[in-house]
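Each of the next two complexes has chain A plus one other chain: chain B in the first, chain C in the second.
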Partner chain A sequence: MIAYIVKKMLLAIPTLFIVALIVFCLMRSIPGDPAMILAGDINDPLIVEQIRKSLGLDQPLPMQFFLWGKQVLSGNLGFSAMTGEPVFETMSKRIGVTALLVVPALILSVLFAVPAGLYAAWNQNKKGDITIMVCLIVAISIPSFWMGMMLILIFGVWLGWLPTVGYVPFGEDFWQAGKYMILPVISIMLVEMATITRMMRSNAIEVLRQDYITHARAKGVSERNVLLKHTLKNSFAPTLTLIGLMLGSLLGGAAVVETVFSIPGIGRLLVDSIYARDYAVVQGILLFVSLIYVITNLLVDVLYPFFDPRVKL
Partner chain B sequence: MNNLLVNIKDLTIGFPNGGEIFNAVHHVNLEIKAGEVFALVGESGSGKTLVSKAILNLLPDTALIRSGSIEISGEDILSYSPLELRSYRGKKVGMVFQEPLTSLNPALSIGMQLSEGLKIHSDLTSAEVKNECIKMLNRVYMPNPEEALKKYPHEFSGGMRQRIMLASVMLLKPDLLIADEPTTALDVIVQKEVLDLMMEIVSEEGIGLMLITHDLAIVGEYANRIAVMEKGRIVETGNVEEIVKNPSHPYTKKLFSSVPGNARQEKPRYEDTEPKPPIVNAQNIEVTFPIKKGLFTPDQKFKAVKDVSIKISPGEIVALVGESGSGKSTLGRALLKLVDTSSGSIEVLGTDITNLSDGDIKDMRQNMQLIFQDPFSSLDPRMRVEAIVSEPLRHMNNVSKPEKKQIVKSTLVEVGLGNEFIDRYPHELSGGQRQRVCIARSIIMKPDFIVADEPVAALDVTVQKQILELFSELQKKRGFSCLFISHDLAVVSDVSSRIMVMYHGYIVEEGQTNKIFANPVHPYTRALLQAAPKLPGHDVSLPDLTTEILPDNLTFLSTENIKDDSSQLKRQFLYDLGDGHKVAVLPTER
Partner chain C sequence: MGLKYFIYFFCLSLMLLSASVKKSFAAEESQMLRVAIDTDIRSTNAGVNRDANTDAILHHMLEGLVAYKEDLSIAPMLAEDYKIEDGGRKYIFNLRKGVLFHNGIEMTSAHVKWSWDRYLDPETRWLCRSWYDGTTNSSVKITSIETPSPYKVIFNLEKPSYIFLHRMAHLQCITAVIHPSSVDEKGEWIKPVGTGPFELAEWRRGEYIELKKFDEYSPRKEIRNGLSGKKEVLINSVRFLIIPDASIAKAALQAGDIDVAVSLPISLYRELKLQQDLELIAQPTLYWMTLLIQNNQGILNNPLIRQALSHAIDRESLANFSTQGMGEMNSSAIPMESPYYDDFHSTWYEYDVNKARKLLKEAGYNGELLKIQTNRKQLHLYENAIILHAMLRDAGFNIELEVLDWASQLNNFYSGEFQLSAFDYSARIEPFLNYQLFDRERGTVKKYGWQNPRVREMLNKLDQIFIPEERAVIFRSLHSEMKNDIPLIGLYNLYKMFVVNKTVNGFEGWNLVIPRFWGVAKRPLKGGEK
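This part shows the complex of A and B:
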């Protein structure tokens, strides 16, 4: 187990290096000069040149990569070209906000999706199953920004139950902060829940066909326990992998919902930084997100043997 | 009439199929008394499993009971409410399934799965439940029962899992035990152990046993009464001895005559009239697989094939027999260079293939073919029969498309499939037809050497017979050499001229088929022959083993020696008893 974790962490090093290289090259291949953008209306080539120099952009590309790499290895992700703040500080503030949005959304999705998937599988092709499946297809098909806008319109504007857009830190006013989070969490949740339910349903259908399920029934086990004891654990194992991937991608990619609800999360920071050609920030975020991917997948791997004892690490 | 344990009257089960209803079980009448071993026999699809599931009221949702009644100990179970059903299932009737690998839940511990039934059906405390489980595991001869409770199914072998299954069912002390092909997935020696154990427990408890099987030899050895099912109908029923002696229904006759090894005749032994160079000549080959260990510990090695030499002459069928995990498939694949050998040499058609490059071996491959065990997974479900069979022809650039199609057609005819099959997909074929397609695919390039890896193990007994006959016929006509891998000595006795017996990677005995059957020498070969179930009247008592056949300074390489696998095994060798009959021995230490 420990050997496995060490091995995975060692394997993460080349992964992160390749990510860093790709991100670096991609950013530089987008047209647009960060110095020009920073200079804005000042149309003085001298000043632009000065800015470029201060950002280290006058160096040849391999040299730039080398310098950046050296910096990262010493634990410094650099400074934002826009604000001058250290990238790491900016990022860690923003990732906290995103995590507050994404983690509850994912937990709630799982809590709804797992029973829904089991129930649908148990009722395969009957009324209950079909109703759930239709709802899922609707939830998957609606783009999350539209879902967000509709939620704002209904609960924020028409009914006036909840605030429309904005963000209040939990440290300031807990209840207010929670209220602001409800709609964004729901709009992320609906899509994720639909995906997990579908996965859960098809896994459970597969499990319900197995001999050991018939054997359990032949022993006189009630249908409830057939589902909860015999089906749940077996069908949740593959779903766990999916949830791990989702967590990784949501932490870096909740930008749409964050934009709709004006939440200062890391996804929005990433989009803003790309527009500003803020190389250091974009590179820092993407590197960080890949690290999160590696860690969540490692976590999934470590949890897996609990659900499927045949898997040994 | 109330002493009847099972009383099924006029049972008809149907499935909706389009607008109509297709009857899978027709007007079945069945009676089982307490203390009786009742065998329900039939091929796959005959409806025997449906009848057993109906007894537990566990039919699939789509199934309709169209007529009839099922009474268990005088109670009509079809009218039970779901609650009544739950207290009936397991308590009155227990069921053991075919596949021990899939009938235990992989995610739950053995202890949990054993205790579950008791917790439902009794008011025992947890400690009492645990005690009962340990007692039961002791009864099925499970070593370290207390430890076993904490383990998971994958940590046990197939035979052990079937014991656990049996324990979990017998814990509830049912009045009737249904065993649905309980040993089909097991090796012959393990099969005997499990069946003997089952009979022992059944007769101690005095309960009824309904044994569902396609294996008539098992029926002959264990059952009192038999019912033969064909296409949903019971065509014949009666006492086993009478039916074996004197089957009246044509289908029953056909079933009995299909039992392999039943009509064993003296095989014309393979004669080396003019010594030709062998097609396959492998010397001292070994195959090792690495076992991955931790990051910093070196990988261990697992030797699947140990110091095996094998020669196959042109036109000869050599059988390789052994239990699962003995390395027989690995050896077969090594001869085709589908797995790499770690030492030794393999010559096929005079070429040493052990060091051939990938490109060169590709050219050789048309001359060496493989037939797989499972015709359901060895055919691509998205390819038509023509595409499957003609695939090997794609290297022949000088042959036109219509000519290729002609070759495909004539090859299909050779394996007994008409032109109408050419456009079908594998799922439109029966198991036997699929295996014919597999055979057609491997003979179309006219290979000199074929490895047939359990080609009939997945087939029903009557189909098995047809395929074996076809195979022998094709072999005579085309004259290819063959390594025929099987776990079933009876099957092998019908086709092969020479037998090699493999155990844990070693060849323990080899010789002419007649010799091996008439005078098996190695203890493992004898155990194999003794364990195989036989029809009444076909018992062959083995001649006593005379230890004098070995010189004083040699002993048999025993199964214990092999399991220990210490370094002294380097000294084992095959001792020639004369006439090519060889047995694995060790020099004795003096």
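This part shows the complex of A and C:
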């Protein structure tokens, strides 16, 4: 197991290097000069040149990449062109906020989706399955921004039960923080729940058709045990891979929900930084998101043998 | 049955939670004003790292020697009064006594000099240093700043300058007097320690900026007028919440979670007007909407084509649509609110599609493709581009829209890589500052702009002329030259909308757009509080 983890971590190094190179080249290839954006409507060529120099943009591109790479290897992701703050500091504040939004949403999604998927598979093509499937199609078809807006309109504006916008850190006031998080968590949860349920259902249907399930039933094993002991465990393994991918994707890309609910998460920071051509922040975030993907996939791989004993690491 | 209980439980939980939220909101409701802004501020370092929201918030904490009034004239602010001597080479400011910084120290002439020395130091990277150091031909060189007494400051200039006071009062490059404790020993910025009616309480990046009332602020006696006059604070604090999405800001306003929204698009005007608990303040600004023409290359170099463009655009309808029927077209770089604006500045090519077609024929136009650049971030520019596209196509132009992101459009503007561009110019109060933006020599854009030696000569003269009537004559001539050369087509002045909850009193808009939260209360105002 340890050898496997070490091997995976070593493989992550070239992956991250390639990601860094691609992100660097892509950012430089899109038009828009950060120095001009910083100078804004008081554009003085001398000042623009000064800003460009201070950001290192006057250097040739390979040199810029080399200098940035050197910084990254020494644990410094650079400084934001817009705010002057260290990128790592900015990112670490924002990733915490995003994690507080995404992790509960994903946990709740799994808690609802796995039983729902299992139930739908068990009742395939019956009333319960069809009802769940229709709900899933509706949930999966609704864009998360629209879902967010509708939740704000219903619970914030019409009913006045929950705040419409804002964010309170959990460390400051736990209950207030929870109240501000309800609607954004629900809007992420509904979409993710639909995807996981569909995956769980199709895996469970496949497992329910296996010979060992028929054998278990023939042995007189109760339906409850067939479902919980044999079907759930065997059909959850592929779903786990999906959950891992979702976690990585959400940690780096909950920008839409963060924008709708005005939550200062990392996704919103990424989008704002792309518009502002804040190279250091964009590169830092994307590198970090890639690392999250590597880690979550590794975690999924490590957890896999617990659900599917045929898999050996 | 289980599902039914679950729904009951869920709704009950939400109701209980909401009750406690409302309770905590109510406790702070009368103390704090909650204002929605669309983007975070860049920094608290005035004129160094800034944008419009940054300026708007900093104007609550910082003050300069002079400030703009609502009639676009200049009034003393930290100065008690000022006089101009030596034909415009010497500006003498007598300072107000008893003005305190946020740290409780009294402001003196030494602080004024220290602040200005810091701005003019290249290490500060103040964006407007070149306006005052004589390095460019549009610059006014400050030769020395004298402090003959603790309450007197004298600025000596290399040559007479009419524009000096307007630059001092400039909205974007705030020439605030700050205390040296605003920076550390190495000169690195910490936070603004100014003399304004509010001081910085907290800035949570990406969330909000909170300002609290500066209790020891000594307001002027004159009534509130633009950024000058009395600045009496009637609330404990203002929290500027960053709400990027306009529809969410609207929802938050309707739910009562915010009190004022300062960045909602004017297109929501009619819809919001129906809301009885909201007050809408819509008014023209000094932002000038234009269609830029890259006249240095290709077919747009032909004056007949540029005239055809001018005749093809129904600016009245465009202005009417874009300002929800409240605004008028403006052909001139001089804002309609300016004292220099008169009927002459409304003269331009009339809307006449047939004439446009005739001119195209005369010019030998063969359907060469033209592109209008625009972006979706600034909705008004995008809408302008769509309407212009339809009008120009109707007149016989082979035209396409090129939708970019704002950074790309801006980049193309500075590099001159465009044919037509739906663009706007931010507020410049003194028309001279507007006109010099367009001139290729004096302006900052070297690959696009107006090249006309007569214009350059007039601009060179303008800074030496102090008599308004004489300045007005030159501004008329500049407009005539613009009409002849057509380096751009002026469309209208942008309308800005502030939406205010009716529980808020005393909030007023003005043509320089910057929202002002002094003289504003969440209760009825008493006599003399405005």
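The rule is short, and it goes like this: the second predicted complex is superposed on the first by the 313 of 313 C-alpha atoms of A that agree within 3 Å, B and C clash if a C-alpha of one lies under 4 Å from a C-alpha of the other, contacts with A are read in each partner's own complex, and residues count from 1 in each chain.
Just so we're on the same page, contacts are C-beta pairs under 8 Å (C-beta built on N, C-alpha and C of every residue); 3 or more make two chains touch, one makes a residue touch a chain.
Keep in mind it's a predicted model, so treat the numbers as computed, not measured.
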Which of chain B and chain C A:309 touches, first, second, both or neither: first
Which of chain B and chain C A:149 touches, first, second, both or neither: second
Contacts of A:116 with chain B and chain C, given as first, second, both or neither: neither
Touched partner set for A:218, first chain B, second chain C, both or neither: first
Partner chain(s) touched by A:189 [first = chain B, second = chain C, both, neither]: neither
Superposed model, chain A: greater residue contact from chain B or chain C: C
First, second, both or neither for A:6, with chain B first and chain C second: first
Chain A positions touched by chain B in one structure and by chain C in the second: none
Contact footprint of chain C on chain A as seen in their complex: 30-33, 36-47, 50-51, 54, 82-85, 90, 93-94, 149, 152-153, 155-157, 159-167, 175-176, 178-179, 182, 259-262, 264, 268-269, 272, 275-277
Chain A residues within the chain B interface of the complex: 3-4, 6-7, 210-212, 214-222, 225, 229-230, 233-234, 237, 307-310
Complex interface listing, chain B residues touching chain A: 56, 58, 85-91, 93-95, 97-99, 102-108, 116-117, 120-121, 152, 154, 165, 168-169, 172, 294-296
Touching residues on chain C, where the partner in the complex is chain A: 14-15, 17-18, 20-22, 24-25, 36, 39-40, 42-43, 47, 49-51, 122, 125, 127-130, 135-136, 172-173, 204-207, 241-245, 247-249, 251-252, 254-258, 377, 404-408, 410-412, 414, 425-426, 444-446
